[in-house]
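Two complexes come next, and they have one chain in common, subunit A, joined by subunit B in the first and subunit C in the second.
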Partner chain A sequence: MNMPTTDILGGTPRRALNIFYVLDTSGSMDGIPVATLNRAMEETIEILKEQAKTNADALLKIAVLEFNSDCRWLQAAGPEEAEDFMWQEVKAGGLTEMGAALTELNSKLSRNAFLSSMTGAYLPIIIFMSDGYATSDYKPALDKIRKNKWFARAIKIGFAMSDDADIKMLAEVVGNSEAVVKTNDWELFARLIQFSSVTASMLASTSRTCTEPVTGADIIKEAIDSGEATEDILIDEHVEYDPEPEVEIDSGDWEEEDWD
Partner chain B sequence: MDDSTKLAFGTKIKTMLGNELIVARWLAEGGQGDIYIIKYNEQFMALKWYKPKGLGKDPQAFYDNLKNNAKHGAPSEEFLWPLDVTEWMNGSFGYVMELRPPGYSELSDFMLTEVRFPSFRKITDAALHIVSAYRILHNQGYSYQDLNDGNFFINPNTGKVLICDNDNVAPNGMETGIAGKPRYMAPEIVLGKNMPNSLSDRFSMSVILFILFCLNHPLEGKKSLVPCLSPELQEKLYGSEATFIMDPSNRENGPHPEIHKNTTVVWPYLPDYMQDLFLTAFSQKALHNPNARPSELEWLKKLVRFRSEIVPCECGNEIFTENGKNCNCERCREKMQVPYRIRFRDYAIPGIADSRIYRCQLGICNTDEALKPVGHVIAKKSDKRALGLKNLSNQVWSVELASGKTRKVAPQEIMPLRDGMSVHLYNEVIKIEANE
Partner chain C sequence: MSKNNIYSFHKTVRGHMHVMRDMVCQDCSASFAEDDDLFHIAIVADGHGSSVCMRSDIGSKMVTEIAREELENLASYILYNRKREIDKKELEELNSFLQNQKSDSYFFRIFGTEEVSVEQSLATEPVQMLRENMEGYDGFSFPEDKEVLIKKLTDSIVFQWNKAVNEHFARHPFTEQELELAGVYAEKYRRKIEIEHAYGTTLIAALRVKDFLILIQQGDGRCDVFYGNGEVDQPIPWDENCHENVTTSMCDFDADKEIRSCILDLREREVVACYLGTDGVEDSYRDMEGTHAFYKNLSCYIVEKGADEFQEYLEKLLPEFSRRGSGDDISVAGIVDLEGITRLAKVYDREIEAYHISNIMQQYASKKISMTRKHKILRQKEEAARLALEKEQENCKEYMEKTEFADREKEELERRLEQVEQELAQTEQDVFHIENALAAKDRSELLEKVADLLENSTFLACIQQYCEQDLEKKKESKTQLYEQLQKNKKQIAKEREKNKSDLQRLEDAKQKYQKASEEFQKYDMQYQEIDAKCEEAAQRLRQLKQKPAE
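Let's look at the complex of A and B:
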């Protein structure tokens, strides 16, 4: 019998790992903040690209939703493979319609929208950044998205930039105040968004000391432990929000439809 | 990124062996620390320097264990072993090891098909080196603990392997605090029933071996194509409900025709005894009872046999010859002439030029001798069709000829291959049989 030649084999199948960035580009971001945001994202994506090249554990994909008076996906067709991803400059202007952003995100966190993957997927990672207060009531949108399984189970991190940021809103959105970084230092933001993105994207590739799942709060703690930031970035009051107050989770045997 | 833990060029650090190393340049960053090129004893070597936070819960115990490993020395040449450990400096330390030589690629590069083996025979060579290395490590009383795809550098053209990340190696049974990498941890570790040991190493090693051949994780079939790998599902797929992709008794996790094509292509080419070994290694019994996992020696024996049975045709094609019989090359349509069969107790390998007999094919042997060739088939310089078997062992062989006469073959001597010969070596008998 003839052995097959090794060149007929394709790469080892990889699950998709989606990273979502939900970024506030309202008027208050004008000037240094939006300029730093553009550079920070550009550099973060460069590093993610490099890592994606050698990542045999996950197929890294990136999607960016910017919101101000309205919201807009930088990649209209859905998350793009990190290796092909190119950062597009964002500009500041308009209001802070967090509710609209959550509604838009909710509509895309579905297998019928942005989360279709033949090879399956890891828990998504969602990183939020805002520097202000929502212009209108975001609570109804938040209540809705909390019922989205993808959102509920995602690894979520929030950045509350500037002293004017609504820390409580971000904590509510990510579900745990310990997964929120508060700072008005944009250089620190640049370092931390890079650290969080890289750490989260490497979760499937990192050896662990325990088998407990990793949360957004763990990643922030790791940033502090490894000297990337000091404890000042943490919010004093610790609040955890039940991600799905009315829906029982954690059963581990969800139906296929649950993921649509 | 934070640079406060980085070592500056020219930094001098003392080591436990009384040497002094000088940092030459930064090379790479890993999860636990950074790798530097250093000058050590007038040679360029590598230094792994830990981030203080990468030292785990008990840095002193970690340090002491590393020092003990360095004192013990590398179990075999496959390990990029800690050769010397530095003294503490600024709340951290590092260890010295050889630099990775050129020509070696990470296993992930093979998985992403950035690098490919030129042949299945070379894959088998790589598998043999991996199994042999872990056999030696385990037989010396150690466990590796964090065995995953990130630990291997492989030279595709020679099949040689270097095993890195040896810092969690510890006496078997000792807990270093590491659980392992997701998807490579044994089910009992995933389920929190145990901490890593040499039996969980065996599971992780089998995963690596299956990936080497099939470019597919053995527990990832249709059932693993979940829309979202929640922690609960992860625990099921790699723990409580782990199912081998080729499990004949449960097809639920069988290969998806498109996504798991690699497995469906390669599996039928694996000989029965290799399939059986994978089926045993990933049977429900072995998944959930660590003691039921095939030993390294079982892997070695089967892999050595497999290696012997893959023979190259002159056209470059690789042919799997079963039990040393003649066969046809499907590519060039030529008949592959296998003049002799070399028969062991329960199977035969082809007797063609460059066939080898390994020590582990002949009864009980010492760990470090398993992959030592004790016999090598070579062609006569003046007549390539005339084959002989060179005695590479340190024993005198006793050869019974078809005529009933007996001859002695001393080490380094060559005996001609003839039908009906019986060679007595290491309390075993191998028979030479001519093919029609």
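Let's look at the complex of A and C:
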């Protein structure tokens, strides 16, 4: 008889590596901030497209959630492969409903939603950016999303833009104050969001081979060590915040396929 | 390879992730074929990967060895009505061992009370003692006997494993290095509480003996059973406590109650293959169909290449399979009826292809989701560029008409100029010839000839004069036409200058439309291609489903 026409190893798709951007587009972002954000994101997407071409192990996918008084995915059907992703300009206006954004994100961080994939996925990367204070209580939504395993184990980075940004909120959202960048410099933001996206995606797709899992704080440290930024971007270590509860990450059995 | 065409095998490979992280292989497997082919055993065990289970590799080896021994005992009992004997010395050892157990240990719960004694649990005969003296009694003829036997088997495995673990621990207490890894369990381990947890492992085991296939399982992993009619299922009841990255375990306090089992009567339903796999196999697939396809592939390979090459195939396949799939350790074991799978190999072949095609279709569907928004945006951009071009064309309409008229006029003038220039050239040539004729040496001879004809020697001079006048006229006409053309060109240039920005916009709009159109057409082609491939795959899938097995 003939052997199976299809090799059992043949056509194994690459694991998905999802990068989520959760971006504040409230009224205070009007003007240069939103213009820089649009430019920075466009450039970041282009760099990720190039990176995706050379990453044989991971299928790089992008999802963008903008939030103001409401929240909206740029790609409502699910994360898009980097090569297909097209940045569409966002406009500033409205309030800063971080709670709504976290609730929306939580609903999509599931294998039944945005994380459905042929052969599982790498830990997602989630990058938050906000320039203000949440206009309503985000804590209930944060408590819920912290129970989401994908969120708990994701590489999370926060950008606190302007002096008016709620550093404590961002530290709580990303779970670690060392994973938050604070700056007024939008050009620096443009450089760092590119750096963080590229570095995180590179490390995330190889993290299964590392002894220690990669965290958002590692990415920020890397940015400082490599001279992309100075230590000024780190927030005051005395900032009081509610850190993310510890989860057991370094498990030999990688069974995220079973997660919801 | 056995005489009766029953083939058993096992293979364990260290997971790709374990290799990269320099972690030991925590899986273990075994298989056994009795010399006379009267029974076959297959076993896989998956030691837990959590850092608190730092001795799970030892635990999985222990349970594999114990299960093999216990299944052999059971096979002997079924085949020869041979009972497990526990001698006095062993009993004394056991009792002494139990006396040292902590109150929260498995032993204390099971054997430390008055309810059940070691002797009762391990050494007493089944309730149906008398039946054992019946001729040809296989220990399985009565349903209640099966239950009792399987219970004794699983109890014994749990007991032996706990005993082996505790003995190992007694000989090798935890080192400081191990305790550092143990995290929240470190304190318990220091106090020698729940030390079994450090050895935690799953177990799946199969025994094919006489007309029975006996299956037992604790924890996750899968046991695929393939039947003679081509069907496949996983007959061991699933434990709902095995979910996400949580599994029940040999180290659980109530492992003897959790452990599941199943007995298949091969006289009622033909079994052609039974495969056991740790979760490294199923985690490499999005669904259980993938796991079935994996084992069908193994069946086809055994049929095609035979046992020796199959072992080599597993050697090569499994590490790569782990790398591309779950990254976890992988163990597979099986008991295969070669005749049966040979009969079904072509069906499996088709089903494997169908599974792969359905996978490909999913990939295309996912790709289409990824492309749809960009496709829409590019189409909108093309449409917007087309509308912008039309608008610019409308803006330039009057000018375009004027320019078109001037262009036509210019073309006409150029045509006429060219005509006059040609005529002028001809006349100049005529004059040249006449002048030459007049200057000729044999002029007198010529004149004589012409005079003979026209009786007037001034005729040539007249022709010359006429030609020269004609030449002058034509030169004048050329000058006029040339001036007119220059004027016309100036007029066109002036008009163009006047509408330069409009024209630039029109030109830009043309280019933008061209670019947008090209971009959309290119992407649309890819988009349609995905659609076409998806349809092609769907068609192939339909064919496969319709095509009867050859």
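The criterion applied here is as follows: the second predicted complex is superposed on the first by the 219 of 260 C-alpha atoms of A that agree within 3 Å, B and C clash if a C-alpha of one lies under 4 Å from a C-alpha of the other, contacts with A are read in each partner's own complex, and residues count from 1 in each chain.
Just so it is clear, a contact is a pair of C-beta atoms (placed from the backbone, for glycine too) under 8 Å apart; a residue touches a chain by one contact, two chains touch by 3 or more.
As the structure is a computational prediction, the values presented were derived from the model and not from experiment.
> Considering only the touch criterion stated at the top, classify A:A204 as touching first (subunit B), second (subunit C), both, or neither.
The first partner, subunit B, only.
> With the two complexes superposed on chain A, say which partner A:D225 touches: subunit B (first), subunit C (second), both, or neither.
Only subunit B; A:D225 stays clear of subunit C.
> Of the partners subunit B and subunit C, which touch A:N55 in the superposed model: first, second, both, neither?
Only subunit B is touched by A:N55; subunit C is not.
> According to the stated criteria, A:E81 is in contact with first (subunit B), second (subunit C), both, or neither; which is it?
A:E81 sits against subunit C, while subunit B stays out of touch.
> Following superposition on chain A, which residues of subunit A contact subunit B and also contact subunit C?
Residues 1-6, 8-13, 117-120, 149, 208-211, 250-254, 256, 259, which sit in both footprints.
> Could you please specify the touching residues of subunit B with respect to subunit A in the complex?
Per the stated touch rule, the residues are 1-2, 4-5, 31, 51, 53, 56-57, 106-109, 111-113, 116-120, 123, 146, 148-150, 177-183, 185, 189-192, 211, 215-217, 220, 224-233, 235-236, 258-262, 265-266, 269, 310, 317-320, 322, 327, 329-331.
> Considering only the defined contacts, which subunit A positions touch subunit C in the complex?
Against subunit C, the touching part of subunit A is residues 1-6, 8-13, 61, 74-75, 77-81, 84-86, 88, 117-120, 149, 208-211, 248, 250-260.
> Residues of subunit C touching subunit A in their complex?
Those in contact with subunit A are residues 17-18, 20-23, 26, 48-51, 183, 243-245, 279, 283-286, 293-294, 296-297, 300-301, 303-304, 317, 320-321, 324-328, 342, 345-346, 348-349, 352-353, 356, 359-360, 362-363, 366-367, 369-374, 377.
> Under the touch definition given earlier, write down the residues of subunit A that touch subunit B in their complex.
Spelled out, the residues of subunit A in touch with subunit B are 1-13, 15, 54-57, 111, 115, 117-124, 149-150, 153, 191, 194-195, 202-211, 213, 225-228, 250-254, 256, 259.
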